[in-house]
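Right, I'll just put the structure down here and ask away after.
Order of writing sets the labels: A, B, C and D. Residues in every chain begin at 1.
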Amino acid sequence: MSFIGFVIGVVAIVSGVCVVGLRNPLYSAFALVTNLLAMAGLYAALDAHFLAVSQVVVYAGAIMVLVLFVLMLLNLKSESGRKLGFIRSAVALVIGCVVLLSALPPVFARFAGMSEVTVSDNARDSEGTVKAIGQELYTKYVAQFELSSLVLLIGVVGAVMLSKRRSVTLQPRAGGLVGGSK
Amino acid sequence: MFELLVLLIKVGFVLNMALVLGSLCTWLERKGSALIQDRVGANRAGAFVQSDRWYVKPALPLIRMMGWLGVINTLLCDSVKGLWKEDFIPEGTSKFLHAVAPIIAVLPIMLAFAVLPLAPDFNLFGYYIHPRVAPIDAGLLFVLAMGSVAVYGVAIAGWTGNNKFSLLGSLRAAAQMISYELPMGVVFVALIVVYGTLDVYSIVEKQGELLWGIVPKWGVIVQPVGFVVLLLAGMAETKRGPFDLPEAESELAAGYFTEYSGMKFLLFWLGEFCEIALFALLLSLLFFGGWQIPWVKLPEGVWWAALIGHIVLMSKVVFFCILQIVIRWTLPRFRYDQLMNLGWKMLLPVSLLNLAVTAIVKVLA
Amino acid sequence: MNSVLTYVALSMALFVIGAIGVCLRRNAIVVFMCIEMMLNAVNLAFVAFSKLHGNLDGQIAVFFVMVIAAAESAIGLAIILSVFRSVASVETTDAGELKW
Amino acid sequence: MVGDMLSLESLLASLVLVPAVGSALSYLVGRVYPALAGAVASLAVIAAFVCSLALWSGLSSLSGGITTSLSSWLTFGDFNAPLELYFDQLSAVMCLVITGIGSLIHIYSMGYMAHDESRPRFFAYLNLFVASMLVLVLGKSLPVVFIGWEGVGLCSYLLIGFWFTNREYASAGRKAFVMNRIGDVGFLVAMAVLFRYCGTLDVVSLNTPGVLAKLPADLGLIAGFALFVAATGKSAQLPLFTWLPDAMAGPTPVSALIHAATMVTAGIYLMGRMHGVIELDPFVPAMIMWVAIATAALSATVALAQNDIKKVLAYSTVSQLGFMFVAVGAGFYAVALFHVVTHAFFKACLFLSAGSVIYGCHHEQDMRRMGGLAKKMPLTCISYGIATLAIAGIAPLAGYFSKHAIFEALAESSNVYLAASLPTLSLVATLVAICTALYMARSFIMTFLGSYRGTEHPHEAPLVMTAPVLVLALLSVVGGLWLHHSLPEYVTGPLPATSLHAESEGGLISYIIGSLPGIVGIGLALVMYLFVPAISSAISSIAWPLERLFAGKYFIDELYDRSIVRPLTGISQALSRGINQTFVEGSGNAVGIVTRAVGELTCRATSGQVATYVLIMFGAIAFLLSVFVKV
């Protein structure tokens, strides 16, 4: 792991903790945006250039903007005064540590035999350039790719149906959440 | 060590160029709008400077000239005023986010300049130099990604304003930007289909070829529909021109930056003008052959050819800056539903159709 | 130990953080964001393993996860909005009519 | 050539898929533009017809059939039923009939249903029916055939009860559904037996002697019998025929397509496809013959006393299906198939003409309130008249050739069980043929001749309806001459060879002799119902018990009601009161009490808090990981 990778990793962890820890959901959202951008950096460090860029476009550019929209529109205050629950937090933390400690060693043991040399040998084949990813997507995975477009279509239709208001008086204006001036 | 030095020089050059273009746009906007509205515009500050100091005296005519042209007013006086003004932060909001928002708004624009080539590659002192900061192969995608990140600056700015007008402005801006990103992306895809690459440098190089041996293979000739769509979508992305709904004065005070003053406010303005420059650069690179001169083949890898290419490119960029400013001061503002209709019902279908036709032509040819 | 495994460890840590967030937070949107984070942690593992194995299958998987995440966010947020309309809150504790 | 551009295999797959997609599309399009639903559906079926034509022309250059594997489907152990389609000469004929007649009827429906509100639903069902019917005739293994079998049953149910707000119509649909289920039991039994002993359900290999030899003799009887039970359900033979007359509750195009031209002939198709199994034991064809003759005679007499124009045609269909089974019983499957085709022509023509009449008379179906319509709807009259002559077996129309072939087949049957009764059977068949001509002529006279007895203002149907009817009338005229040589020869291969045609070549004399039963019947009808109506009233005053018996349809429905439905209801009520309430419900209650007690305990754990659930899940994962995953 290079120095830059290390720094980005620390940023990812810290922002991840912030997502969980910050009271104001909007701050959580901004922390998550940071986390997602850090992830994009990590992808780039792992030679997955296309994924890095689409991570920024899809997650940071579309999904999180939606989340921000909802948060801003609902104008939520910080989570109500009821505490998170000390016992609950402690239990969750302990469980988390157990998961981490019991899952990591087997993975490490499995791949420890792979030296840096083999990895760097493999690296040429696993470089996620736009061309390489496109080649795979449109040949080996073309059926799945088409299906995923269907999933997106269903998602769009579902979202429109869900967010349609039932009452007659409050018809949303086409296209805009806010609507034009009247 | 030398490479690091070159990199630093390149970063400095690109940043400088972005800022210079931005300032140029500011001045063009001031004087241009005056010209269009039949006013005189800024022409006082510095126009009547008197001085007997020996080191000022020789420059006096130049200074007076600049003052009369409004350069001093727009570039010097405005910035100084911005620096000195009180930095007002509304109550009950996050100071941190309030301070960070303008930076987030400007930073992605600056970053996007990093992947765009400014001149053909050339040899200097035995080194082969790429005149761009980050030569990555997915350059177009990177520009798109930066465009989508720029939404956050606006969104945060509006939210930290802590009032309804700002929030509405930022929501409008965000909705507008993500809506118009779609046709933009589709036009990029059509370009990729035509030129077969995502690398802006190769796209420019391929525009140097001749179509049927007669016409230069410029983007505007092979993708005329794409050019129109991108022109409109790009102007909407900059939130200016007839698309300035997020800051519609008559409805929302000043929109998302209502609560900003001083240098933070100027940062937003700078970001906006840099965006104009970035967009003009994109148009010239993708559709107008970049540094190519029609029917003229400059020698490759020579420093003077690169210099000529750069000058050619910059004149195209300035042309598009002026074009955008003229449009901005000529057309009235859209209504919000018209804006959304244009984006979703006109530009998106047209761009998709354009892509389909492009693909068919590509397959058949 | 090679450096790619560090990324795997990082991905596991992020996954666990996200899971803890899902367990602890009551705001449905924050829960949703934590789930997104868990998805991303898995994505990172995919990319890391793709590098280890020297093929692109892992990266393709990430691509599809992104597609699903996009659809999920559209639907999920719409659901949260309609819950908000009916109970005027997005806290998971307030939308408990279906218990028992 | 088409076969070069598109592979025949993919064409075969699209033959089934096009109407299936058309079904969904016509519904979706119809939701928005109801006027377009019919056009979309018709285009889909016409496209399927073109596919069939292309496949048919492609088949001629091949030695075997065309097979397309869509995917693997049921595979467990030795059992393997891939989703495969198979196209040979037999399927070719069926496909051409289904899609050809189907296209005409779709076009007709655009006119007939023009004012109905739920047109999209109608056309979606109709297209779905075509798709299922194609699956039925194209299935390579019996389970795939069964999909189509059930599919057409479902569509038939949906379309009979199309106007489901009418209680009677809805129950007619239910009746058809239940009756067909009885037949399906036969199908399932046959499949089970065949798979158990032959080890395959492939329709092609099931006809090879080597495979059939594995079947023990008595089980061959059972398999054949079970298949025939299936066929009686779908093709409305005794004792399961009562649903077909009730099925006339559906819109008339449905009656024409499903309950006359295509679906009801599925039984014949099954018999032909499985002829190897049917002929394993000669008792099965003999039984088929007896049942078929009985059905034909019974329904022909019932048709004499019906006054509803569609009921007459329905009983006529049952009777004609009986004729087809006669040919099956005699072992001449190609002749049966020939009659399927000609019957599809003239019966569809009759039904569609009847539909035009009903349409023109503003949904009046009772012939007693019609009459004299020849002047008001001449085109319909002509086509109905032609089809009537055809079904009566007047040379040289289509019905003559197929009926004549059936009579010859009956005479040449070599079945040991039938040897003694052949003359009787032939006599009954001839009487039935006379009867057919009689009741068809009666319906024609009552509808089109004489003077108008109703109160409406009848008018001719629009062109979109009359054009398909006229095409069908044309086919009823030339169909027999055109096909009577070529068709039986063409299907030799999938079906056993027939050697009848030497005798049917006899010139004018033989034509006249062959048409005699029809001429007699028509003459009787003219005398009784047109020229001297006194005769018919005299007959009904003398033989009123017989007439009541006919008009009451031999009281078979009542018989079923008394002998099966009511006892069953009584038994189930007794069981419900006696055993159910004490034991079954008691034990159910006990289970309920225990469950409730456990639930009271566990509901404290289910707080409705998603976060808690996730925490518990997370803990379980941690537990599993730490206990079971070892380095």
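The working rule: contacts are C-beta pairs under 8 Å (C-beta built on N, C-alpha and C of every residue); 3 or more make two chains touch, one makes a residue touch a chain.
Predicted, not measured: the structure shown is a model, and the values here were computed from it.
**Student:** If you average the Cα atoms per chain, which one ends up farthest from chain D?
**Tutor:** Centroid comparison gives B as the farthest chain from chain D.
**Student:** I'd like to verify one number: the distance from the centre of chain A to the centre of chain B, where each centre is the average of its C-alpha atoms, in whole angstrom.
**Tutor:** The separation of the two C-alpha centroids amounts to 29 Å.
**Student:** How many angstrom between the C-alpha centroids of chain D and chain A?
**Tutor:** Here chain A and chain D have centroids separated by 57 Å.
**Student:** State, to the nearest whole Å, the distance from the C-alpha centre of chain B to the C-alpha centre of chain C.
**Tutor:** One centre to the other, that is 35 Å.
**Student:** For chain D, give me the residues that contact two or more of the other chains.
**Tutor:** Within chain D, the residues that touch at least two other chains are 615, 618.
**Student:** Among the residues of chain A, which are close enough to touch at least two other chains?
**Tutor:** 50, 54, 62, 88, 92, 95-96, 99, 103
**Student:** At which residue positions does chain C touch at least two other chains?
**Tutor:** Chain C, residues with two or more chain partners: 19, 23-26.
**Student:** Which chain pairs here would you call touching?
**Tutor:** A-B, A-C, A-D, C-D
**Student:** Where on chain A does chain C make contact in their complex?
**Tutor:** Touch residues, chain A against chain C: 1-2, 5, 9, 12-13, 16-17, 19-20, 25, 28-29, 32, 35-36, 39, 42-43, 46-48, 50-51, 54-55, 58-59, 62-63, 66-67, 70-71, 74, 76, 79-80, 84-85, 88-89, 92-93, 95-97, 99-100, 103-104, 107-108, 111-112, 114-116, 119, 121-126, 128, 132-133, 136-137, 140-141, 144, 148, 151-152, 154-156, 158-159, 162-163, 165.
**Student:** Any idea which chain A residues touch chain B in the complex?
**Tutor:** Residue positions touching the partner: 26-27, 30, 33, 37, 49-50, 53-54, 56-57, 60-62, 65, 68-69, 72-73, 129-131, 173-181.
**Student:** Please give the residue numbers of chain D that touch chain C in the complex, ascending.
**Tutor:** 603, 606-611, 614-615, 618
**Student:** Quick check: in the complex, which residue numbers of chain C touch chain A?
**Tutor:** Against chain A, the touching part of chain C is residues 1-10, 12-14, 16-21, 23-27, 29-30, 32-34, 36-37, 40, 43-44, 47-48, 50-60, 62-64, 66-75, 77-82, 84-85, 90-91.
**Student:** State the interface residues of chain D toward chain A in the complex, per the touch definition above.
**Tutor:** Chain D reaches chain A through residues 615, 618-619, 621-622, 625-626, 629-631.
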